[in-house]
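Heads up, the next two complexes both have chain A, just with different partners, chain B and then chain C.
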Partner chain A sequence: MDIDDILRDVDPTFHAIPQEKRDLQALTRAWIAERSAPELLPWPSNGLFERINGNIKQQIEKVEEMTGDMDPKTNFALIVIQTELERYRYLVRSYLRARLAKLDRHALHYLSTDALRARLSEMELAYATRHQALLHNHYLSSFLSSFPAGLQNLNDAAGGISMIETPDLESAVFIRALKDTPVEGRGVDTDEAAEMQEGDIVILRWADAKSLVEAGSAELV
Partner chain B sequence: MPMYGDLGNKLVQHAKRTQNLTHLPPYQTELVRAVTREVRDLDKDVASLLEPFQGSFDPSADQATACTLLVNHLSMRRNKRCLLAYHRTRTDKLEELVWSGSDVLDLAGQQAGGGNGAGAAVDSGGGSSLSPQEEDYFRQYGDLLAAYKGQWTDVDLTGSLEPPRDLFIDVRVLKDAGEIQTEYGAINLTKNSQFYVRQGDVERLIAQGYLQKLG
Partner chain C sequence: MALPLPSGLTHAEVAFVAEMELVTVVPRQRLESIDLLGGKTPSLRPPHRTDLPLWLALLLKKQRRANILPPAWLHPSSLAEIIRRETRDDPDAFSPPPPIPSRADPSRPGFAARQQGLDSTQDGEDGIRISAPFRGSACTADAPAGYLPYHWLEVAEALLTHAGDDIAGATAGGTTTGGGGTGSSAGEVRGLLRDLVEVRAAKMRSSTARLEGFGGGLMSLRGVGAIELAESRGFVLGVVDGVRKVGASAEAARREDEEEEGGGVGGGRGDGFGEEESDEDMGI
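Right after this comes the complex of A and B.
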């Protein structure tokens, strides 16, 4: 806990923001971050998605309730709610699909260690495990089963090259500083260090940006 | 005379081409078999080369044999990579098809329509562009996706990935799609007619090519 957290605790406007709105903000940020980061980010474990699902359900019920009403006023409200609902669903859908795309690409990598597995939600873990099993089975039945036994693995690291591909952590991302913070970026020829001020946007390698983002001093844009 | 890896290279070229195609070209059953055979032959060569040494092979004492072994070893691994790449490219395509909502019967139907009639589909190899294993994979991945999707029913995971702008859109009907139910009543989608409908209601039909969104 640092001074910002303490200030936020006593700030009356912070708690005045309803939970739903904070959830939407959290979702939007998670969505942006997931789409920019080259690797899979941890699944929000604070029940965010349970609440979001609840909200969506609630709104759908509301829409159904209001549909019968032919009053033009309700009709207008209905359109607003439905538009908002579509956007909300789009955010969730796009977020989940972005994660699935990363998961599909490097399934074996994300399944390889406990620390990486912990980033997935239970459903994603089940999906990735099953998907990998399907693929392996497909390879086996298509050609791998007639290979010599020593060559049937999918996770060989012979010759110093692992068969498991990993995401490129050196690819570039844009981050925005959420508070004044020093950054260090490794370049091709020289490394550079700079002082970032709140609101500054810089481009650097994800490997360098990761710790800042995880510490909450910067966010992906 | 063909060299080690030539066949594997062909597979990679097929895979490369597949990436840019909208449909899935026929599965190269023969080629896959030939590459697999090459791996087995190479493995046998390795075994027979090593046999006289009884497990006490010293690479520095017999450099010619060591070199042969290395080349064989690398060729086998290269072939394996080519096979994996080829199959993965195709399964990626298959998964795309599952996401977009097509099914295997559709694919078979296209084949029969475009080929020499329904009889071609029965002939082995000539009909479907999928191998039997791929058809299995297609079905199983469909089940897997359905299971994952089922946990997010309110979101409709296979829905459009374009950010929604308007709740209602103009669409033109390209193919008869019968009657659909919306919360504003039933709409009969007959060819060439035009409607102003809720996007969420017709997304599937647009993806499947029944409707065209008017901009």
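Right after this comes the complex of A and C.
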């Protein structure tokens, strides 16, 4: 710690939160949101995952270098670094797996429009497209081919009912307000509106909560 | 590869998140700053207090490299005060969450500003609001007494399990009710926590009575904790979704009515439909 650090500690104008902490907050929030929301959320477009994956790679390289050093002092630091590394990797892995689970369940839905496709990362899009093609080819070769040609599609919307299953956007979720914000919820008997204070936790339908979450005024918990 | 878990965080995941809360440690050994993914750790020099994430504090504690200073709200007198508030003052609601700390506002000397989690240098597109577990003031030694933070039960549990002696040490000096020896103090905290868990679990259960008539679109659970949410998430959300599905046709009819009549006279008819729906409920 040098004099700059000490000055920064007592300087009230220095509110800046370091990039690493902001990334960890963003990653944790994205993970919790993805674990709680009924539908697939947009892939973060600000390069969050590229940055975190890059950092994880660097940290792994550092661990590899440090392992040769058998000094007991660095040894403990190594344990701390590896523990933290595992925590990050768990977060990233669980986030990606939660997305995959949703993608598997409603693959055709997320591939159906450009707006929905834009939510997927490049890798997820490639995975979903190929997986869906394989699946459809398998169905075709095992039983669909004996159907009339008009009945071989998996995405018919004949008779006003689409074959594609969609996630239930009206399911209830818990959200926490990140700032004081008005909130509206639709209910069976009445619709309600209320003022949420920062930190309040409310149950409402995802369709009503979505705009708040996307605007950053609330987060899923 | 896809995650087989149901949606919503499980207990283990909540505990994982709670380990990111900052706690205050008193190091017993020097430790140089370590360059971690989440930023550099402060260098530890005994006996200067430092705030570290819980997972790191527990690691240091297990290796006897540091002692953990329990947060003020974990003190028996604070817990007793919270229990009194939860049972007598306001038997229906959860006790309020900790107030948002204020700081001097540098742009207006003499005024205090509520400390927003917003990163002020990056206002706009990249600005991110900080919330639990990263707020940093919820579980440190400076945390206000008498308020339960979002991750209260998980942090308290972790501290009692792995740093029971530190809790006993910190509370033994302060207890006036006479906990006796240091050994009983951790036991006292544990007993109070158990009471608190039961009081609040009863509230969570009775809040489901409000759910039964979840006719409105919102239900506030101000002050609820993370683990309590995880505990009853499946049930509460299941009830809300069930009520919605049962009442879907009534709701659609109400919306049609409101659209036709411009919302003015629609109230009366809406109520009628509500009754019909609850009759159906009982039939099922």
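Rule of thumb we're sticking to: the second predicted complex is superposed on the first by the 205 of 221 C-alpha atoms of A that agree within 3 Å, B and C clash if a C-alpha of one lies under 4 Å from a C-alpha of the other, contacts with A are read in each partner's own complex, and residues count from 1 in each chain.
Basically, contacts are C-beta pairs under 8 Å (C-beta built on N, C-alpha and C of every residue); 3 or more make two chains touch, one makes a residue touch a chain.
Keep in mind it's a predicted model, so treat the numbers as computed, not measured.
Asker: Quick one: classify A:I79 as touching chain B (first), chain C (second), both or neither.
Answerer: Both: A:I79 reaches chain B and chain C.
Asker: Which partner does A:L178 reach: the first (chain B), the second (chain C), both, or neither?
Answerer: second
Asker: Output check: A:Y139 vs chain B and chain C. Expected answer is one of first, second, both, neither. What do you get?
Answerer: A:Y139 sits against chain B, while chain C stays out of touch.
Asker: Mind working out whether A:S36 is in touch with chain B, chain C, both or neither, as first, second, both or neither?
Answerer: The answer is second: A:S36 touches chain C but not chain B.
Asker: For A:R87 in the superposed arrangement: first (chain B), second (chain C), both or neither?
Answerer: both
Asker: Contacts for A:H131 in the overlay, against chain B (first) and chain C (second): which applies, first, second, both or neither?
Answerer: A:H131 contacts chain B only, not chain C.
Asker: Does the superposition put A:E170 against chain B (first), chain C (second), both, or neither?
Answerer: Touch partner of A:E170: chain C, not chain B.
Asker: Take the contacts of chain A with chain B and those with chain C, and give the residues found in both.
Answerer: Overlap of chain B and chain C footprints on chain A: residues 56, 79, 83, 87, 90, 94, 97, 100, 104.
Asker: Under the touch definition given earlier, write down the residues of chain A that touch chain C in their complex.
Answerer: Per the touch definition, chain A meets chain C at residues 1, 12-13, 15-18, 20-22, 24-26, 28-29, 32, 35-38, 46, 52, 55-56, 59, 62, 73, 76-77, 79-81, 83-85, 87-88, 90, 94, 97-98, 100-101, 103-104, 168, 170-174, 176, 178-179, 183-192, 194, 196-205, 208, 216, 219, 221.
Asker: Which of the residues in chain C come into contact with chain A in the complex?
Answerer: For this pair, the touching residues of chain C are 1-5, 7-9, 13, 16-17, 19-20, 31-32, 34-39, 41-43, 55-56, 59, 63, 65, 97, 100, 103-106, 116-122, 126, 128-131, 133-134, 213-224, 226, 229, 233, 236-237, 240-241, 243-244, 247-248, 250-251, 254, 270-271, 273-274, 277.
Asker: State the interface residues of chain B toward chain A in the complex, per the touch definition above.
Answerer: 32, 35-36, 39-40, 43, 76-77, 80, 83-84, 87-88, 91, 95, 131, 133-134, 136-137, 140-141, 144, 147-148, 151-152, 154-157, 159-161, 163-164, 166-167, 183, 198-200
Asker: Per the contact definition, I'd like the list of chain A residues that touch chain B in the complex.
Answerer: 53, 56-57, 60, 67, 79, 82-83, 86-87, 89-90, 92-94, 96-97, 100, 104, 123, 126-127, 130-131, 134-135, 137-139, 141-144, 146-148, 151, 154, 158-159
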